Amino acid sequence: MILSGSIQAHNDSLLKDHVRRFDFLRENIPAAEDIVSKLIAFQVAIPSWALGTGGTRFGRFSGPGEPGTLEEKILDVALLHQLNRSSGAISLHIPWDIPDHPDSIRSLADKYGIRFDAVNSNTFQDQPGQAQSYKFGSLQHVDKAVRKQAIEHNIEVIRHGVALGSNTLTVWLADGSCFPGQLNFRRAFLNTLESLQEIYAALPADWKMLVEYKAYEPNFYSTTVGDWGQSHLLASKLGNKAYTLVDLGHHHPNTNIEQIVSLLLMEGKLGGFHFNDSKYGDDDLTVGSIKPYQLFLIFNELVEGMDARKMDHALELAWMIDASHNVKDPLEDLLQSVEAILLAYAQALLVDRQSLYHAQQENDVVKAQEILQDAFRTDCRPLLAEARLRSGGALHPLGIFRDMQLRRTLTEQRGIHTVATGL
Amino acid sequence: MILSGSIQAHNDSLLKDHVRRFDFLRENIPAAEDIVSKLIAFQVAIPSWALGTGGTRFGRFSGPGEPGTLEEKILDVALLHQLNRSSGAISLHIPWDIPDHPDSIRSLADKYGIRFDAVNSNTFQDQPGQAQSYKFGSLQHVDKAVRKQAIEHNIEVIRHGVALGSNTLTVWLADGSCFPGQLNFRRAFLNTLESLQEIYAALPADWKMLVEYKAYEPNFYSTTVGDWGQSHLLASKLGNKAYTLVDLGHHHPNTNIEQIVSLLLMEGKLGGFHFNDSKYGDDDLTVGSIKPYQLFLIFNELVEGMDARKMDHALELAWMIDASHNVKDPLEDLLQSVEAILLAYAQALLVDRQSLYHAQQENDVVKAQEILQDAFRTDCRPLLAEARLRSGGALHPLGIFRDMQLRRTLTEQRGIHTVATGL
Amino acid sequence: MILSGSIQAHNDSLLKDHVRRFDFLRENIPAAEDIVSKLIAFQVAIPSWALGTGGTRFGRFSGPGEPGTLEEKILDVALLHQLNRSSGAISLHIPWDIPDHPDSIRSLADKYGIRFDAVNSNTFQDQPGQAQSYKFGSLQHVDKAVRKQAIEHNIEVIRHGVALGSNTLTVWLADGSCFPGQLNFRRAFLNTLESLQEIYAALPADWKMLVEYKAYEPNFYSTTVGDWGQSHLLASKLGNKAYTLVDLGHHHPNTNIEQIVSLLLMEGKLGGFHFNDSKYGDDDLTVGSIKPYQLFLIFNELVEGMDARKMDHALELAWMIDASHNVKDPLEDLLQSVEAILLAYAQALLVDRQSLYHAQQENDVVKAQEILQDAFRTDCRPLLAEARLRSGGALHPLGIFRDMQLRRTLTEQRGIHTVATGL
Amino acid sequence: MILSGSIQAHNDSLLKDHVRRFDFLRENIPAAEDIVSKLIAFQVAIPSWALGTGGTRFGRFSGPGEPGTLEEKILDVALLHQLNRSSGAISLHIPWDIPDHPDSIRSLADKYGIRFDAVNSNTFQDQPGQAQSYKFGSLQHVDKAVRKQAIEHNIEVIRHGVALGSNTLTVWLADGSCFPGQLNFRRAFLNTLESLQEIYAALPADWKMLVEYKAYEPNFYSTTVGDWGQSHLLASKLGNKAYTLVDLGHHHPNTNIEQIVSLLLMEGKLGGFHFNDSKYGDDDLTVGSIKPYQLFLIFNELVEGMDARKMDHALELAWMIDASHNVKDPLEDLLQSVEAILLAYAQALLVDRQSLYHAQQENDVVKAQEILQDAFRTDCRPLLAEARLRSGGALHPLGIFRDMQLRRTLTEQRGIHTVATGL
């Protein structure tokens, strides 16, 4: 679907009010233009598996019009990107999204300005006909044959990624144990390291490997890459192309994630992000729906740390949503998530860094808090709208999605009972 | 399978060593005979859905020889009960276990000394062809039609239970919300109350209703029956036949569950237990595999509180396992779970209550701890073995299960790819 | 100190910018006037013990110019109230704040428009010369003599409160146990109930008793009033004058506090609030400094629930800050806390309740979130400033506090090494 | 006090029963003699600050007869060591325990077979007359002068340690922040690293530095050495003499500590332990009083990992208790703690490592659990008693401590109102 005409009409109807709001804000914020430019450049990758309804171990309540093919998934992302101009990338998951014809997939994506972000391997499920089972782990497995199969799968994922123009492999391992005694932690770590080294050796020169960590689930006693320390240890031993990937939902209760972000940036080992939100565990809720201030604090560290290393905000880290949409329309949920990410980014850009530095040097805790909260409490939504307006997107993406009844159109095209691959 | 002959042979081979151990223990424990009698009387219900391999939202790795029919599930429990003589009850889950011919199912169970414990309704999944969806809740739902369907389902579950000789309905609700704003908490609670009242009205005179609570999952922002306080409030408003059911995995981190148990007993509102263990959330691991001391402390309160109310330990509360077996053979897992429950019970019976009372009256914290830990550190396994021996079970249930290769027999009978209904 | 002149000058200098901001907001918010009126009426009580620097078990780093007497504490609150016009109440703690001459204290408070909010008893510390020790509890104690002493202390606190014009007693109990076995939970609960009944009997006719709960600390195994369920059970057994008090820091990790608030309001048993913020436990940080969205969600339930019962927002619940200021100037911290509370209240008032109701009735989760976040993301600070302006306070209380160097003035008056009573 | 005569009499009275129990156990455990030898060699250091009653921020309830001087503290440890022969080391805390005459202190300790374990610096409190305040940190501080003072204090601690024959410095830092924005995480880390490097440079050749981490408290937003990953990063950058120290209470809820232990051992970076137990946070309860199975699992990893590196269990790691005794007699509490540590160690030694290895290689999760639980469920107390008997200690240390009324004797010597330095 090409939406430019509709977007134009939609924007026209909202323009006057938007201008009033943006003008008010511009008067308060000297750096408004700079922030708008950075917002325009910032792109968040959409994971292919988040385009369908998610579920829990207790059940799944599918919605209508889910994408049934890789092409339809790309079209979904294209739809999002037309609306918000900030979703210009897709992250595929193998084997759920093996492209039969990489070239045609690539041109379809190109047509909509979508690039292929990190490719993801899957060794946490058994596929039909698979020789070895991952019931007791993959890269950590006590049996060399299982590890070999998992290594080869990862290398195959790299091949698919190369064909699509991706340059990053994300490795998330469910490996771990459910009971004390099940695993020798040291041998599991060393097996994992050795396996990752073999995969690392197969990385093309310009590729990165992102090693994701997670505190628990689906293993309920130990996870072999369980925290940032373990991921960082692996990435350090692997080499310069290996980095840590942070997923906001993969921590123990109360963890200070923004501090981890800062330290990984300091060490040059932060590779990217999986955004989502949660109240209890890896709940995979809409970004910013539960703890928006934490999200802002994380972006505050990201901006500070990337600037300290003179990194390009938009290009050097992998930004991706990784959420599950159990009770919302996936596309609407993703629009809300991207909005929340950009809002936190805008607020972080708004922080008066010079004043913050001085407050810190003087241990003026009250003022430091005022500076952060002044940025957070500012209503930055007009900045986001302006960025979308300038780049051809919609002033109110969710509004137009609903007004145009886009889900109904998709459902008419695809049917009510399509089920997207994914969790 | 009738195992009595094999059990006899197995016991003969272990008898001498057992006698030595039991005699040693009997010399140390004056109340040994009394404890053995209580252990013999204590029965733990096996949930029908725990006889197959469990899974997580990330996948499920099935095992061989799972029971495919209700008859086979009863035979599995019969097998367990022959081995440990402590699993003489089964808890069914509707609609997974609807009996086509209740009478023949009942005689099959009778043959093995198995009774029908609490029956469980399911309004957390949609069944094929169901008129209304539970995507947004069941008994709490904003739409009366959905509530009505869920109420009727519960009443139907009672009918099935009556036909089988059960006298308890367990209501676990996944109802809640995933996002702030989704739900009006008060209206959700009041709808739930009203729905439960209609179900309560349909309870036969000698029935109980157990209202289970859970802190979170599968809803990740709020759960409408989320803690013991909410369950207790509902049970109080419902009436004398309504009780709270405690599942060990349904709490926030660090919760003192034993205190909740004590207070519910004080109020006469404790209805029963779902046993399992966990490190993170509702991990549904083998009972006693992670926090055996907590399990002992819970039994310590149970024994103390039931004795204070002169309750019959074996008859007045519903004791059930509710675990998921992702990486273990379900029957082996259940043997381990029952053993852990009985061990904790035996340790709790061993506590010197008179001395404990005096230590508490004198605020002698050191001594109170010594008394509890003396019981916990005592190796009570010979008491359990003796109880099994006297009641016709096996001295070492897991040993004989493996020696006789019972899973292999079941797999030969049922096939490798049977999948039991359940999570 | 009478600050009206300085405040006038301060406001004049900021007025033009304020008017611009307020006018912009008023254009967006039809209910702006109504919200401003409600903000003016809303008063937050300042606890006398929060006027000095707090500490931890590892140490305390005092600040200069702390109030050394009850008079000075009242003057501190008067200073806050002149600045923000929202701190027109003080909550005293006995025995830290026993007034020698209640009448003169009362006229001092009257002079500044300060009323006496809830009075607080202290049975978690031993005072010099005290006959019985609270080492092993107070109202729960196994020894009747200890309970009696604690009961009498509470009754004495009521007497002090009557003399000052208070009408509420807040009972926070540290009672509990540090080790399994130390306490019989049931007897501890029943002793506590009996003790509270004796105190309740001494309440004047127009008084309330607020029963506070806390999950843990300073007892590290069990707390006798440990959660809302236990507090509610006690309050229900006590009678119509007994209510539950919610302190935001007194829960297990991840607890959904807003749901508790909603249910207590539903039952007519919510008595009041202790505001603070926390990341780990009862950290007692500045309100809104860690989880401002949670604070908003709580106020969202408060507004909804109070409106449903047609309660007066400003008068029927006890609103109090209960924080500890380890690294900030206490008065600055309190200004930040009051601001955060009013901001959350304003945002909650902004929620479009009619639309939210309809979204909930339609299970439109996306829209429900949009409605809440639209309110939260709106920059409501001009509403607060306007409320202060209209009631004679400062447009920027923290700004004027710093510009006038009020702490320096206080330090010159009181000295550097005064230490306020408190934790 | 020299207790050998009394111990002899005490042992005589219990000997017959002990022999019966030990003989029974020896028959079941082929390796009994080897375990007893290892138990005899294993020594746990007693921290000088744990000899007095601890407190919380809410208060402290002192007990009688606390040691008022360093000499008395050494005599307390000597008393413990005579009773259990496993407490042959003391860990001092500077400035609480500055020895005026190191030589005489050293001979006093020698006399009782007590050596000086790690010395501990204190930069989390301000001492009277101190030039710079640690209110905003020490080794992390933005002000070089504060860092310098803290560095010099640590070097002074090393000097005291050298004079006493210690060879280890433990650095625990309270450094961190209470509010977002207060600290630049990266600069705080780098300042800390630089400061530690200066201290490291002052370490004698045969010394170790142990870098302790802690998730939170007394800072409630961030801690600069907050988890094992940060400690390990610092220790790696510092050099071969720097190690990580694990305190059981310094983690987020649910953390798998045993896995951390295993990985640190794998990396050759585990330096030592602070033993205690907890249910909520850094509760500092008696070792083994809340989660004895977790303690066993940790020792299981320690034994496995030390054996894999052919380390001497008794000599190469620093074993220390770090608990607070709020409601128990400190000496009784320490006797219980040492007993719990040795019990877990004995159980871990009992694990059939060969079978466990094979079970792991076969992914036989059920058997792996059986092997661990078989060790844990075995009543190993007679092994501990035998070890004490052979090394001249008491069969029942707590029993003789009470029978001889040793606290009464100490109180008569020292008075009721002595207060030991410490928290």
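To keep things simple, chains are lettered A, B, C and D as they appear, and every chain counts its residues starting from 1.
What we mean here is this: a contact is a pair of C-beta atoms (placed from the backbone, for glycine too) under 8 Å apart; a residue touches a chain by one contact, two chains touch by 3 or more.
The model shown is predicted, which means the values in this text are computed figures rather than measured ones.
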Check the residue numbers that chain B and chain D use where they touch, and answer same if over half are used by both copies, otherwise different.
same
Duplicate of the B-C contact set - from C-D, B-D or A-D, the pair where over half of the pairs recur:
A-D
With contacts counted as defined, which of the two, A-C or A-B, has more C-beta pairs across the interface?
A-B
Rounded to the nearest Å, the gap between Cα centres of chain A and chain D is 43
For the pair chain A and chain B, the C-alpha centroid-to-centroid distance in angstrom is 40
Two or more other chains are touched by the chain B residues 135-136, 177-180, 182, 215-216, 221, 253-254, 256, 279-280, 286, 289-290, 293, 327-328, 363, 365, 369
Residues of chain D defined as touching chain A within the complex:
135-136, 142, 177-187, 189-190, 215-216, 221-222, 226-230, 232-233, 251-256, 258-259, 262-263, 265-267, 293, 297, 300-301, 304-305, 308, 356-357, 359-361, 363, 365, 368-369, 371-372
How about chain D: which of its residues touch chain B in the complex?
20, 24, 27, 253-254, 256, 279-280, 286, 288-294, 327-329, 332-333, 336, 343, 363, 365-366, 369-370, 373, 376-379, 381, 398
Residue set of chain D touching chain C in the complex reads 54-59, 61, 124-126, 133-136, 174, 177-180, 182, 215-218, 220-221, 253, 278-281, 283, 285-286, 289-290, 326-328, 423
